[in-house]
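Below: the structure, in structure tokens.
Read from first to last, the chains carry the letters A, B, C and D; within each, the first residue is number 1.
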Amino acid sequence: MEHSIDLSKYQIRTDLAIESIKDIKDISEEVVEDNIKVTKVLVDDKISKIINKKNGNYITIEFDDVTDITNYNKVKKVFIKELNNLLNKLKIAKKDSCLIIGLGNSKSTPDSLGPLTINNIIVTNHLFELDELSDKYRRVSVLVPGVMGQTGLETSDVISSIVNKFKPNFIIVIDALASQSIERVNKTIQITDTGIHPGSGIGNSRKEISYETLNIPCIAIGVPTVVDAITIVSDTINYMHKHYTYSKLNINNPSHKLMVTQPNYLKEKIELNKKDKETLLGIVGTLEENEIKQLLFEVLTPIGYNMMVTPKEVDFLIEKLSNLIGNGINETLHNI
Amino acid sequence: MEHSIDLSKYQIRTDLAIESIKDIKDISEEVVEDNIKVTKVLVDDKISKIINKKNGNYITIEFDDVTDITNYNKVKKVFIKELNNLLNKLKIAKKDSCLIIGLGNSKSTPDSLGPLTINNIIVTNHLFELDELSDKYRRVSVLVPGVMGQTGLETSDVISSIVNKFKPNFIIVIDALASQSIERVNKTIQITDTGIHPGSGIGNSRKEISYETLNIPCIAIGVPTVVDAITIVSDTINYMHKHYTYSKLNINNPSHKLMVTQPNYLKEKIELNKKDKETLLGIVGTLEENEIKQLLFEVLTPIGYNMMVTPKEVDFLIEKLSNLIGNGINETLHNI
Amino acid sequence: MEHSIDLSKYQIRTDLAIESIKDIKDISEEVVEDNIKVTKVLVDDKISKIINKKNGNYITIEFDDVTDITNYNKVKKVFIKELNNLLNKLKIAKKDSCLIIGLGNSKSTPDSLGPLTINNIIVTNHLFELDELSDKYRRVSVLVPGVMGQTGLETSDVISSIVNKFKPNFIIVIDALASQSIERVNKTIQITDTGIHPGSGIGNSRKEISYETLNIPCIAIGVPTVVDAITIVSDTINYMHKHYTYSKLNINNPSHKLMVTQPNYLKEKIELNKKDKETLLGIVGTLEENEIKQLLFEVLTPIGYNMMVTPKEVDFLIEKLSNLIGNGINETLHNI
Amino acid sequence: MEHSIDLSKYQIRTDLAIESIKDIKDISEEVVEDNIKVTKVLVDDKISKIINKKNGNYITIEFDDVTDITNYNKVKKVFIKELNNLLNKLKIAKKDSCLIIGLGNSKSTPDSLGPLTINNIIVTNHLFELDELSDKYRRVSVLVPGVMGQTGLETSDVISSIVNKFKPNFIIVIDALASQSIERVNKTIQITDTGIHPGSGIGNSRKEISYETLNIPCIAIGVPTVVDAITIVSDTINYMHKHYTYSKLNINNPSHKLMVTQPNYLKEKIELNKKDKETLLGIVGTLEENEIKQLLFEVLTPIGYNMMVTPKEVDFLIEKLSNLIGNGINETLHNI
């Protein structure tokens, strides 16, 4: 039902698999190291039906902060390792040529991750004709197709015509994603071999950028940079519930009365119950998450609802992330 | 109480007077022409105490859309007329020199209104030494002081030192504002002769840019470009209330059952009652707006809450608005 | 011989026909109006052999200054008229769809004319699916293919694959040109129906963008934005000759002795003779222009010669010119 | 005499000391290491009179290429060492506060070195109030005053009013310079403790930014990013002379006849004689360098001469250089 919310309006074309699998147990493998969490899922036919995601590998890297140089380097190291693993799994050879595609709108900050990443890529394809390169490099070319609202051209058709003409051995697509949760914004990198599926879910293959449509491996790298305004309201309703229950439990806890800083309801496991939510939030408290989102969509549409929610320092964060991904790709594809 | 929410975190330093006076009757004069609404208030000692705003003139221009060229021109015309009126009221003479100051962070889109406007200003001050100008022009110079997070310098001190050195006859300050309502974002221009008061309300005169601190008229022009994430949640709770009441009233209305498009609860006057809100929203429904905002602030703080809400096309809108204000100022200050 | 100077090094791919025909009499039609000179040539088989330019129409608009708003509007009017004429001559119908291509490197100011012009184009192609447009508009889409040094992809192959996929009825290509004369830089617009011929002259059809390669009309619009450093030296040698002869002639002219400002050798017709040039410039004075350029190329190559000459205010001029061309194309293609 | 050529027209305010001292023996100390040449001069009263430069230390770092990462790091290391030496010589203490000023026009590529460098500076001054910093940092603030053509304000007055208000212990000024030689453009960094002297030479103290006017140490860091068009013509005339003499000497040298690549007249010591120059260049060959420049100025003025010469890849080079200088300053001023 949530898919009736048209996230594509602000040009964000894809989304985060980890959010679909969060409630399904035992299908993903998780490793945490140095505060960086890597979650890997192989979506097979069975899971695909449940979560409405395409079959394939999904690797999700979650981290805290890339503005700190130490943490930036740690995340980059993990990113390179995971991208390398995926290339090996896909049997991509050392000398296979790569076209890297930066999706999105360079003139809208949260959607500019793709084009900005391309600025950091070491491009070599044209130099091979000249024999000017040592064999540390492979053939790499890049494409920034723009968005249909600016070019008038269907982006997936631009990509397929370029791929058919230049015949790279594989492609990497970089894109900004929409998240269903404000906690993940600019703090997650998703790597997948399933390509890009504008709109949502599987089935709409017309505009798909994938192995099925292009006949070469299609790796997609995405970062959630924005949440829908509906998401922030819906998230907040959940937080209110947790906060309320937490406060009720601790209202007579003398240790809290002495606390200088606010107690943090997020840090503790709280048993939530439905009754509390109803008391706190009335009818709204009785609705399921999807029902709330549908309600919010109905409520906000008449006011010409067209808002997005981003971190205040989004310009700076997107710059850091595109730098990390660009340099990470360089170190993975070339022997430098 | 709402002022405990630190809007200054994202560098937006001021706010919209019209939001403080909306519940006070008979103090403002309103004219609507061509879908553009102009509201004027003269805040005197008495009103100042009630709304916690500085004494002075506040002119608010509200409009729908500046991306349409016809509407853009209409809004510009009204803006020029009102700015001219204020100059006359302040007895600013035809040849008085003006320093125009673009506040804000040129590297954060919603906060870049000031610096972008300055790009459109016709600067003449240095040409007067050369006698190169016809007498259609007055002396105009500009300053983009940056924000303290980037320069390390207190912005108001930068401004006062430049004013003291160059001694303009008056200044115009352009700044992005924070709004308490998503409906006003990028659809309102405020002109005032009270200057700029970082932080909020009156009383904190240390960083004030005003007649009182600089001894020359200080006109401030502002556009709300952003709302706090708390605002969108709080607004949505109100919309839910209206929507709920509206739906209840019309649930058996046969005409609605035949409607193809969604009925619009905003277009009709609805009598809201407290009981409905409580049924819909439980305890939350019993809270006053300020109490809800305080609750939201408490709820969101532990999750490292640092979000802002902007229209999806904010980059494009800020460009248009800075163009309108810049050219409007040019036509007002010079005889062109 | 001058073509051994590789202007393509700085990504400027084409050049100005008017410079090839300047010494051939009676082949062009010239009109001057309001200080704007329009020169039209139809290059046929015979002329093509002489000037090494492709058969077709070449329209050259020469003007003084586009930073002045009055002059800007005059030039735009002439540009629209001439572009319209050419569309009619090519029998392009009111509803024929157009792909507009901005060649060049958006990150090198003098080469950014193409990409910057695209920013000003009204794009409509994607809106036709939605029936959202009045019939004042035709289908327009845009492409910014980048330069091979940045993308790794041969630009003409990018263009041909997009044209083959989207099948526009005609294309317009915008590009920065190299000029052989500093007097023309940023003061000339060339419109032609011969397309783009990277490298130089005719014959190298591999990378050509033209009716012959794409099978649709290919209009090219170019502005010289740069001259090679060799050109400025060679031009200056000619100016020295004129200046010397002029000074010699006027050395005893009493009226000159009273002049406050410098006499202007350019404003008068002077009979130049070879002997003078030799006296002034020795062996160099005996060389033909092409021989001087060849000599300069030899002299400058060892010092890692890689210089270009631009007006000091090139950033500002390119912005104005791309705005003029973009808006001129909009008014020609759409009924607005 | 060359100073009648108004380089200040394109906003470049200062110039390179090394070009004035090149003909004076034994006053400078030169070290070459790793292809990086460092020249140090202490201009005292006597030398000052000869070269028309202000008394003080001038350190010039000459290098080949900063687009190569290895070389970039070498140059940065030398830059940090020399800047540190100068701070020590000026007895600037570990905790002394610094205001860093980026001169120039951010909208004209070759003049944007100052503003771009500021973007890379770690600013700390405002954080000291909050006790948020470890003692690895000193107080650093920044200022980008713009150019008078854009602000209408005399730049030196903007700087002095900010210095007087904020009272830093010393300032560092970064500026793009004009060079008299194309070989030095973007390949030289000059560090000096004499400040900035707009216009030229000493004596014009009105707009000076220096210890004498501000009473604190004023370090200036400059890179030549542009040469005047007159310079390139004049340089080329000299190169023609060398090339001619070299060719004459080697015309019958059989080894040259077998050479595939062009012989390089620059790599060998050639005895130049006046007679050759006259034969080659006639009257022009008899003129001194300053006389030639004066002649060129006269010749080019009537054609509305307003050209500059830059490397073709100037946008990219300025980005690298501002990055090097910004990070070099960070590592020198802070303990990071």
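Operating definition for what follows: a contact is a pair of C-beta atoms (placed from the backbone, for glycine too) under 8 Å apart; a residue touches a chain by one contact, two chains touch by 3 or more.
It should be emphasised that the depicted structure is a prediction, and the values quoted were computed from it without experimental measurement.
Chemist: Using the contact definition stated above, find the chains touching both subunit A and subunit B.
Modeler: Both-contact set = empty.
Chemist: For the interface formed by A-B, which of the candidate pairs A-C, B-D or C-D is equivalent, sharing more than half of the contact pairs by residue number?
Modeler: Overlap exceeds half of the contact pairs only for C-D.
Chemist: Round to the nearest whole Å and give the separation of the Cα centres of subunit A and subunit C.
Modeler: Spacing between the chain centres: roughly 45 Å.
Chemist: So, what's the distance in Å between the C-alpha centres of subunit D and subunit C?
Modeler: The answer is 34 Å.
Chemist: Mind pulling the residue numbers of subunit D that touch at least two other chains?
Modeler: None at all.
Chemist: Based on which chains touch which, is the overall arrangement a line, ring, star, complete graph, or other?
Modeler: Looks like a ring, each chain touching just two neighbours.
Chemist: State which pairs of chains touch, listing all of them.
Modeler: The complete list of chain pairs in contact reads A-B, A-C, B-D, C-D.
Chemist: So in the complex, which bits of subunit D are touching subunit B?
Modeler: 123-127, 139-144, 146, 148-154, 157-158, 160-162, 164-166
Chemist: Which positions of subunit C touch subunit D when the two form their complex?
Modeler: For subunit C paired with subunit D, touching residues are 9-10, 107-109, 182-183, 229, 232-233, 236, 239-240, 243-244, 262, 264-267, 278-285, 295-296, 298-303, 306-316.
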